[in-house]
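Have a look at the structure below before the remarks.
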Amino acid sequence: MSSEFGKILKVSVFGQSHGTAIGVNIDGLPAGEEIDLEELQRFLDRRRPGKNPLSTARNEGDVPEILSGLLDGKTCGAPLCAIIRNSDQHSGDYAELQDKPRPGHADYTAWVKWRGQADMRGGGHFSGRLTAPLCIAGGIAKQILARRGVYVGAHLQVVGGIADAPFPLMPTPELFEEVIRKPFPVLDDKTGETMQAIILNAKEGQTSVGGSVECAAIGLPAGLGDPMFDGVENRLAVALFGIPAVKCVEFGMGFAASAVLAASSNDSFAVKDGKIVTETNRAGGILGGITTGMPVVLQVAFKPTPSIGKPQKTVSLSKMENTTLTVHGRHDPCIAHRAVPVVEAVTATVLLDLLLEGNHGTF
Amino acid sequence: MSSEFGKILKVSVFGQSHGTAIGVNIDGLPAGEEIDLEELQRFLDRRRPGKNPLSTARNEGDVPEILSGLLDGKTCGAPLCAIIRNSDQHSGDYAELQDKPRPGHADYTAWVKWRGQADMRGGGHFSGRLTAPLCIAGGIAKQILARRGVYVGAHLQVVGGIADAPFPLMPTPELFEEVIRKPFPVLDDKTGETMQAIILNAKEGQTSVGGSVECAAIGLPAGLGDPMFDGVENRLAVALFGIPAVKCVEFGMGFAASAVLAASSNDSFAVKDGKIVTETNRAGGILGGITTGMPVVLQVAFKPTPSIGKPQKTVSLSKMENTTLTVHGRHDPCIAHRAVPVVEAVTATVLLDLLLEGNHGTF
Amino acid sequence: MSSEFGKILKVSVFGQSHGTAIGVNIDGLPAGEEIDLEELQRFLDRRRPGKNPLSTARNEGDVPEILSGLLDGKTCGAPLCAIIRNSDQHSGDYAELQDKPRPGHADYTAWVKWRGQADMRGGGHFSGRLTAPLCIAGGIAKQILARRGVYVGAHLQVVGGIADAPFPLMPTPELFEEVIRKPFPVLDDKTGETMQAIILNAKEGQTSVGGSVECAAIGLPAGLGDPMFDGVENRLAVALFGIPAVKCVEFGMGFAASAVLAASSNDSFAVKDGKIVTETNRAGGILGGITTGMPVVLQVAFKPTPSIGKPQKTVSLSKMENTTLTVHGRHDPCIAHRAVPVVEAVTATVLLDLLLEGNHGTF
Amino acid sequence: MSSEFGKILKVSVFGQSHGTAIGVNIDGLPAGEEIDLEELQRFLDRRRPGKNPLSTARNEGDVPEILSGLLDGKTCGAPLCAIIRNSDQHSGDYAELQDKPRPGHADYTAWVKWRGQADMRGGGHFSGRLTAPLCIAGGIAKQILARRGVYVGAHLQVVGGIADAPFPLMPTPELFEEVIRKPFPVLDDKTGETMQAIILNAKEGQTSVGGSVECAAIGLPAGLGDPMFDGVENRLAVALFGIPAVKCVEFGMGFAASAVLAASSNDSFAVKDGKIVTETNRAGGILGGITTGMPVVLQVAFKPTPSIGKPQKTVSLSKMENTTLTVHGRHDPCIAHRAVPVVEAVTATVLLDLLLEGNHGTF
């Protein structure tokens, strides 16, 4: 059950960074949904590397081949499997890594877990490359959600401690669309310039920098999610922590709620246009694990890409002795800005799963 | 699947705050494990309310009755079900709440989800009282883990923005035991005094304050957890977000990783006493979702208890109009300090589940 | 996940034959469903032992106490936990069995599984007594299904090779109600008399006899169930094989389909009253794992109760040598006739789970 | 969760009969297992159609392409995804079927389930062709099981009511190997000739005939499986009912146990060579859902292939009126003999999953 999430809509991801292909199997999509493949490609392109100096030079077309589940452009109820063949692999870059695990990466734990048999070329199954198939699932989910009036968007929230303006309490689709049109996915362009400078600076210094993404879903009905361990937060968290390098998931005010009094945390209820709403949305649209009908808002923090050019202390697994490692190869000086569509994708997939479950109230 | 978590070890929680009983069914415990019921009671007592002015005046003995799964004091392989009968209920306090949902609480979403049929007395199934059965499961898990060399402990990390010293990078069982012996579960007593003042101040002001708990597990083998969506972080998150009022879950450096360069995030590997360790533990003992063998460290943030004495704006569900609510009844001015054993309990239960799965490597 | 089944509606069973209590936790019931406790008790009484010489002399009132999930007689969305305290235990009868596993019973495998720590008194967690909590879940499911136009009924199909008339191809609720009113649950009373003679004969001979139960569900919509491994047959099978002593589960023609040509197996489609029906129902209302809208029909075969008075060859676990066992205690000379409501209960619970999933088509 | 089964080892099947490709994703394989691809191909060839007049003329090479999970011929811990591209499709044969559901096939239920959007060419996702990916999973599982001393084999048990000699109570690998070497997979060749005559006769008459497969697994340890709903029988049943056309699953004596007294159903225990065994194996190696250490023996019954050349009564979905259908295209006059490796495959996969769970006792 490792590389899979979902309940009604099951998403299984497979592939290794330098294997034949990576891909995703999506089981449980509703039938009769038209999938706009060009729109899907545009979504995938938002995550694709090799476009500018802010990301890895690895250049993958990332054009998916859909093997099943589509008939005449529409979902047919059967599982949809899509694959992306790997093309621009430089596996030679990774030879040294078979013996010297990169600090901060999963090399060592994969080696332990799989008793020295893991595919460690480029991080293998733990590579950020596996987020491409997640984006296939999420891009499809976004199209189906849109048809049901639900819009999912995101922006780069933090890079190296510098914070973009947070979403206003009630984010809108228009705001998201604007972010998508920008070359750098922030709300405030001035802050975006600083962030880019930080990333390029890290690149020059042969290091990397952390960041975070804020995501929101607008248009969800109230009543989605089940109590305790099967709520919206639980289900989103289990999926979001599956994105490589994520170390924190928070909803609404998140950690900041630990610093305030109730008056700054509770959201007053009010009747507006015959509907119950909250005047603020500090809860991030979720109370008791169940949607309130307000936008679901979440933040996801990414640590700095662990693969850096600077020499680092590590061990030789074969000799069991201390040594030093200099990682060559092509790496991202920051992963967070490329993760914006990934967080959208995962969020959209989980929310579609919840919507399909369909046991939310009708009040 | 709502009020349940776990894979090999399944934990199902039931009950409502003012119902006949609350309880837990634990399926998948290894057989032959001696359960020290007095030790379990001492653990439950750490969470029990009514002990001092820092928590609700509701006074529940919280002595569990074990209905199954034990034979001559040992687990017998069959599911272990334990219940706690509710005794000190003042349901009258909650009559007004049937129509006026408390801001920040699950009253409104429960009403939507369950079409007006939810048990809304004292938060019903969403009450913090449901953490008592979680502590039964966790207290048992802690005893079984201890026999396997794994120690789980926690401390109050933040109250109202004031932070206790974080766990040193390599926490020890001795440190935890000291925290347990204290009346207020912090590392630094001076900070603890300030925190208590903040809580009592919130109480006087008929409001409440947020906080956070830091938890660590020492002695886990490397190789626990599966990649992507079934890793240690995913599984802990799904369970921890089931604790009422949790809005953030983070591992190791957590959100702070978004503000630093790789040099401050990566942990160097080193050989020490013939074993591979990391020199720091910013990853919180987890890389790629899999344990490194270093302590697993996590933080959980709690929002202020939503039930407060101050008048708040809300709506009348029956009249669909705006109104004001003054919550009576007995409430906690802060939930975080009582949540310390709850976070330990949930963490211990998840980690035991992972240990029982037993497919970690043997290197 | 052992003693649990279901997807939206999760049913967890706990308890041992001679423990403090047995019970069931039902998570995922729709809210606002009135539960008629007297009707539930009447349903439980159909399974209750000690009523006549055809079943064990163990006399249990089997009156459940509902601990949670009900408010003013209606489900409130929260998990419903119900327990039955054991009363008429004669554990002394079982002392010898701790060392000598009964042939055909789970004593030996429980001993292996749980490393000698299993509760082996009366079969422990493997006892047929655990079907009482299943009937609580099923009795509740039957009431909720009835409100949705679905009726589940069953009859004793075979005892010792003697077969009751099978359900006509299109069984009716009236037929079921008639079976319920009879002291012995068959369609044809003459056959029923022969069956009773066989059972009493087995009892006299200190042995037991096998049998089977046929069950049908009327009124289900077409389109329930998912393809391949999550179909109606798969889900019913996983639950039905959980009833002790079941060795065969079949749908529609079942095994007999292996002996015929397609003309005797295919059901012609026809339009009747503006609805698509099949003229026969050899498929048992299921094609490709999905309901056709015709009655779901299934058969479940039970082996003879393994506990018999006759001396049998077995081993001493402590001495690892061959020995002989004479089982004392009170046992059923046939379990199949008491299993009629149990099969109904399990079938009803699974079908309600499927109905609640709600992703069947709307054509 | 529809087209997926397994707990530690998750198997997801995708594809439609006339789509681009069919395939399987296998998540949870142990790392470092060498996969002999030639041996895998030989196993797949046992199921492959087009070899003789006893099966459909559709001629597919059925050579899998492995996209992930293998490194230098060994499993690497990551999910193994394998696909087979469809080649010999005659989709034109199926045009009429879009409107006229074939009796006995899933056409109608797929149409309802997926609201008229199902891929109905050749049965779409419900086609027997989907058993090819199951055989990929099973062929791999068989190789891994063999390395652990577990052998899984099967034979054609019944065709049209004519029964092959059942497995002797203690089947052996040698017996299975002999069946594999034969062109027709029976124990008794004389009976095999009669069965072939029945199949050819059905083919001539443009109809089809049912059959059954008996399967056994030798070498399993005692103690596999969990009680009640997660036992060996439950898990095998959920997977086996996923094979198209299966209507009955039984273990050991199966349905026949309903016709006998306990003396003919119970298996005496005995100590043999210092190990506890049963003298007979009527339980099919399973007591209380847990393995005894004796061979697991099961039978699976298949209905006649529903697609037959003879005209049949059905309905027009568009006109909602009665009509007649003559199925053209290439079909199997019997599916049971080709299902022998499929039953082996599914059984092997489930048993490997159980073995990997690893929580069986050690006595």
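Letters are used for the chains, namely A, B, C and D, taken in the order the chains are written, and counting of residues starts over at 1 for each.
By our rule, contacts are C-beta pairs under 8 Å (C-beta built on N, C-alpha and C of every residue); 3 or more make two chains touch, one makes a residue touch a chain.
Being a predicted model, the structure only gives us computed values, none of them experimental.
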Repeated interface matching B-D, over half of the contact pairs identical, chosen among A-D, A-C or C-D: A-C
Copies chain D and chain A - interface residue numbers shared by over half, same or different: same
Gap in Å, rounded to a whole number, between the CA centres of chain B and chain A: 26
Mean-CA-position distance for chain C and chain B (Å): 38
Touching two or more other chains - residues of chain D: 1-4, 7-8, 13, 28, 77-78, 110, 113-116, 125, 226-227
Residues of chain B that touch chain D when the two form their complex: 7-8, 28, 30, 77-78, 226-227, 356-359
Residues of chain B touching chain A in the complex: 1-5, 7, 13, 101, 103-106, 108-116, 125-126, 130, 158-161, 202, 205, 207-212, 222-223, 225-231, 233-235, 237-239, 241-242, 244, 246-255, 257-263, 265-271, 274, 276, 278-279, 283-284, 286-293, 299, 301-306, 308, 310, 312-315, 317, 320-322, 336, 360-363
Complex interface listing, chain A residues touching chain D: 1-4, 7-8, 10, 12-16, 19-23, 25, 27-28, 31-32, 65-69, 71, 74-81, 83, 110, 113-119, 124-125
